[in-house]
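Next up: some structures, all given as structure tokens.
Next come two complexes built around subunit A: one with subunit B, the other with subunit C.
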Partner chain A sequence: MDMKRDYYEDVKHFSSGVMLFWFAALMIFLLLYPFLFKNYYVYVANYIAINIIVVVGLNLLVGYTGQISLGHAGFFAIGAYGTISLMTLANFPFFPALICAGLIAACFGFLLGLPALRLEGPYLAIATLGFGLTITTIIGRIDILGGRQGLHAPDLIIMGHHLNTDRQFYYLVMAIAVLLVFFARNITKTKVGRAFVAIRDAHIAAETMGVNLVLYKTMAFALSAFYAGVAGGLFAFVLRFIEPELFGFFLSVFFLTMAVAGGLGTIAGPIAGAILLSFLDLELRNILNIPYVGEWLKALSTSYFSLTGVSNIQFIVFGAILIAIMLFEPLGLYGLWIRMKKYWMTWPF
Partner chain B sequence: MKKTLFAVLFGALVVFGMLSTGYCEIGVTDTEIHIGQWSPQSGPAAAWGAVARGTDAYFKWINANGGIHGRKLVHHYFDDGYNPARTIAGVKQLQEQRGMFAWVGGVGTAPGLAVKEYLMQKKIPWIGPAAGSWHWVTPPQKYLFNVYPLYLGDAQLLVEHAAKKMGKKSIAVVYQEDDYGEQGLAGTKHMLEKYNMELAAAVPVAMGDSDMRPHAMRLSRSNADAVLLFISPVAASRIIGIGKAMNYAPQWMSSSTCGDCPLMIDITQGLYEGVITSSFGMLETGEKVGDLQHINDPKHKLVAEYKKDVYGKFAARDERWGYTFVVGIGLAEPLVEAIKRAGRDLTRERLVEELEKMENFRGVLGRITYGPLDPNNPLTRIGQQELFLHQCTADGGSRILTNWIETEYIPMGH
Partner chain C sequence: MTFFAVEDLSMTFGGLKALDKVSFEITRGEIFAVIGPNGAGKTTLFNCINGIYPPTGGDIVFKNNNIRGLKPDRVAKAGIARTFQNIELFSNMNTMENIMIGRHLFMKTGLLRGGLMWGRRSFAGKEEIENRRKVEQIIDLLELQTFRSKFVGGLPYGIQKKIELGRALAAEPELLLLDEPCAGMNAEEKQDVVFWIKDIQDELGITILLIEHDMNMVMDISNRILVLNFGRPIAMGVPDEVSVHPEVLKAYLGEDDADDASGP
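Let's look at the complex of A and B:
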């Protein structure tokens, strides 16, 4: 199953006609989505798409290159602040501002990649964590970026059209998300992607085979930061107001959790992880509306954990998901999918 | 004949249309009024969750007493964990799928700003955001009515009291690095400039700072004889504790955020005794000063009634009768009053009209006054500008130092 017989088969965008069909069906579904669902679910889709961009980028770094990052909220913040300030202070149109902000984040990613040449595992995690915490403190002290009082996003105008509603914004976010996911998938099929994987699997062996560690490690950080920066720029227009506290440590952990839950080292896995956890993040508060279960959970929570409702449910559920994945399926949702596929393809044996 | 018939039908249609607009407001039925609210019940700002629980108990009490003009208040509040993305989701879902008549409270500047434009575009009234921020009134919005006083006012009162009443010569400020702390700093500087005084030290506290020794050291070196605290209760308790260990004993003064004397005396193990704090809501206070009376004074009917009935009968189990809980009641009072005044024929426009007519309304907070919307005059939507000072006592009570004092609005912010 899925055995590649030659190089060209490996780099093909679609391994079969069936894949192409499902891809076309997905694109049509995404195009029609705003007409099929209520406005609230369009907002949810926008939120999910933004998280997909970050997590696919993070996965290039963590899943493919084997470098940990607990500071992606910092790149996300740079993208958000960069986009808004370039638009308001330098009168950049939206797209140039978004791309420049992504590139600024990429520059910071490159800089953070330099210590990564000497650090590994928990030491790298601490270094990136420090970056994530420091960047918001620095932004909070820059008056031109609104300091601690934050920044308002300007009107979003693209080719003379104001994007005011969730539905209008949806097409922008979704187009960028599809483009960046496609780009990430392409990268993994190129020399660069193979170098990333070689570094992850055995960096000394990779180096002896001619992989330039300095170049590819810093490139992985820069690329991943670019994704987070672009997503941050889009997120600023979802919230319409940003302040440093929004980009805290927990956000970085949340991004990493989505990547791990989905399945590191794949493209589909982090997308699934981002969809699942983003959806739960927004929807778990409605758990009380489920008949019987909601009442039972509320009674349990108010008896032992909280004064009202089911506060902290997100933390509990995310923690449980992570523990379950570590115990039962380290490849995450993607691993589950592979198991299911194998089961059905070999059924009844 | 045909023309007459047409005119009659047209007239009937118009009358029917007018009648139906009177009873077909979103979120209002013959028996219910749906009000939305968000608040963090989890996460870093969970302590502020008591605001929504205060409002909830208040609405339940109103319903138990027959509701308003035959309608019950249905309170929909959700936990946003102080995460604006979740605030937007909750607000949009409740608004679009359940239909809220109005929104009340809503903790936090960032969560509030994330939904402000949405609510204003849809012309949905939002009363009493639970954060003292310029953003609510600059520029004033037709459907947004502020209640929570700006922290600039706290700084004004505290500096005036320190410099004029207590004769302090050197004043320093410790401020949290956010909108709240920046307002305190700006207000302090503004007042010191007015009195031709220099700021002895301005010490920032980052949100995650837990070690307060460097901050206390800087204050001690400044030799300030009065220190204003615009920080969180936990940071305030730490800094006072370290100050005590260093034998540095200025007159500590704090904003209303650290003004819950029973709580502060408890977490500082008594070190909060003598700290002067500003307040914009009545709590368990000392002797009568002007309009302010002791909460246990039977003459002070409103607060006593709230404590006995709203808190006593409808608060969640283990809920604490504290400042934040009372603020939750106070922020909803103008909304409830305006709904009462609007009568049975309740629409959003009627509600706004009644709020705009509100003058010197007093519940458990200071006087609240609005006016017809003037885009250039924030005072038409600022609501409350009154505060008073009190001093914490060793037993967890407090001594009232001033009557309600009207503070000045200083235009600032972005």
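Let's look at the complex of A and C:
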């Protein structure tokens, strides 16, 4: 460890030149990505970036503040429907619509945060679960939002440019994702983030040191909902068509799984979790494309695991990953990384 | 002006009177100790002052304002900080960050300015540097440099107690409530704590309200002592008065042995 000379080093973005180098390398890779890979993988990258936004936001709530949420698909849906309907019904341009939809989701987050002041653990899980289910049911019954038929996304025009393909949309999604990740990282290093962790670790002590529980708990919910809302707005344009079915209970669980698999209470963890699980999710859907075992997995899945015969192998894999994480590495992928780093730094001892 | 006064404070849990009309006053700058056998209501008294429990009767006056029934964060804002009997640290934060929570009330960075922190010249950056410098002074004072960047969860008990004290000091309180600062410490560590408490009184000018079981220490450092038994105040005064007060001896030593000459 090198000596610290300055208090700013505790909070600065890149603790060393090496970190800065890798960050720059990552940024260049992300810039070149659409030129290096075929169309489908650009779509995959968009999907991953959106999940990263949700999971980083969810982690601020679950990992840092210690409040569970099984209702994030609800905020995601509010963001998606909000963005599209503000654009089609109120003629908002894209960015104001996206931000407003995020803020609407944040308002709902704030409201959901109020009962959370009195609920903990499994009770909070049930309350948020109820919220998620209710939102999609209500949206399914509002005709102006397309009801069960769903909604088509309008043309996306930003400063005179039409963004119609995944490739064109890629830079927008990535830029927003990078920005929001930095925002979340900064929050965890400053006053608000410390208050979140204080509430998680010892809420009575936090209160006696002057942390306003009501303010910070609802703030965590609203902030987390804002992330999910913005991600939902982007998601609507990646899919170009949304319906209530998309935002079911499983999506909420999927978000939570990504956060836990990556490592709660860290910034890098949920990103890794989102990348791994989103990728698996998309790849395992085309189960027959998996070399060698594809046919066999499909047969296994239809004959033992799914009544309808729809292959659902990705859910089984997620379940297995979650169990393995809980058993072997409660800190998730991040914990694995720390352990590897320690091993190599102290090698050969 | 009354600096701090508790007037007829009562707290009942169901049928149990944990505090029964407790009254006392503390003048600015003194060390005031509350002692009493286990279950006498000492920690309940602290929890009422702090706003963790809403008292069922009476008033708590701090600098001429009635703070009874305020939420803990408002009490903290008024200028009262505390430590806990069973350590209540944020175990997944390091020492620095734990004490930084003590600076919470002095920092103005919100969601937006915090999230957009960029460089040492940004508002949030400047505020972090400034407050970390203050925390460093406390770390120096309490000789915690070795543990600066260690997670507090795994540190020894005595060190954790010190960090808690540091966190309370970081809030720059006018009144500091210490709930058994020496519990579980060896003689040497106790000596250190005694020195720090005196330093805090002398150099920082902080008034201290203290709960402690170690009689030597209490008699040594307190200016005045209040004795509670079963929620009732039974004696109050300077250490020499209290240590020979018959009610106090009875509460501590038991009734029969005190005046039974034929006893063993």
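What we mean here is this: the second predicted complex is superposed on the first by the 316 of 349 C-alpha atoms of A that agree within 3 Å, B and C clash if a C-alpha of one lies under 4 Å from a C-alpha of the other, contacts with A are read in each partner's own complex, and residues count from 1 in each chain.
Just so we're on the same page, contacts are C-beta pairs under 8 Å (C-beta built on N, C-alpha and C of every residue); 3 or more make two chains touch, one makes a residue touch a chain.
A quick note: this is a predicted structure, and the numbers were derived from the prediction, not measured.
Contacts of A:Arg148 after superposition: subunit B is touched, whereas subunit C is not reached. In the superposition on chain A, A:Ser15 contacts neither subunit B nor subunit C.
Once the two complexes are laid over each other on the shared chain, residue contacts for A:Thr134 go to neither subunit B nor subunit C. Looking at the shared chain after the overlay, A:Ala195 reaches subunit C, while subunit B stays out of its contact range. Comparing subunit B with subunit C, the partner in contact with more residues of subunit A is B. Within subunit A, no residue touches subunit B in one complex and subunit C in the other. Chain contact summary for the complex, subunit A toward subunit C: residues 6-8, 10-12, 183-184, 186-187, 189-195, 197-198, 200-202, 204-213, 219, 223, 265. Across the complex, subunit C meets subunit A through its residues 50, 52, 71-73, 75-77, 81-82, 84, 88-93, 96-97, 100-102, 104-105, 107, 109-111, 114-117, 120, 124-125, 127-129, 132-133, 136, 167-168, 171.
By the touch rule above, subunit B contacts subunit A in their complex via residues 41-42, 46, 49, 53, 56, 78-79, 81, 83-86, 88-90, 92-93, 96-97, 109-110, 113-114, 117, 121, 135, 177-179, 181-182, 206-208, 316-319, 413-414.
Remark: subunit A residues 38-40, 43-44, 47, 133, 137, 140-141, 146-152, 164, 166, 235, 238-243, 245-246, 281-283, 285-286, 302, 306-315 touch subunit B in the complex.
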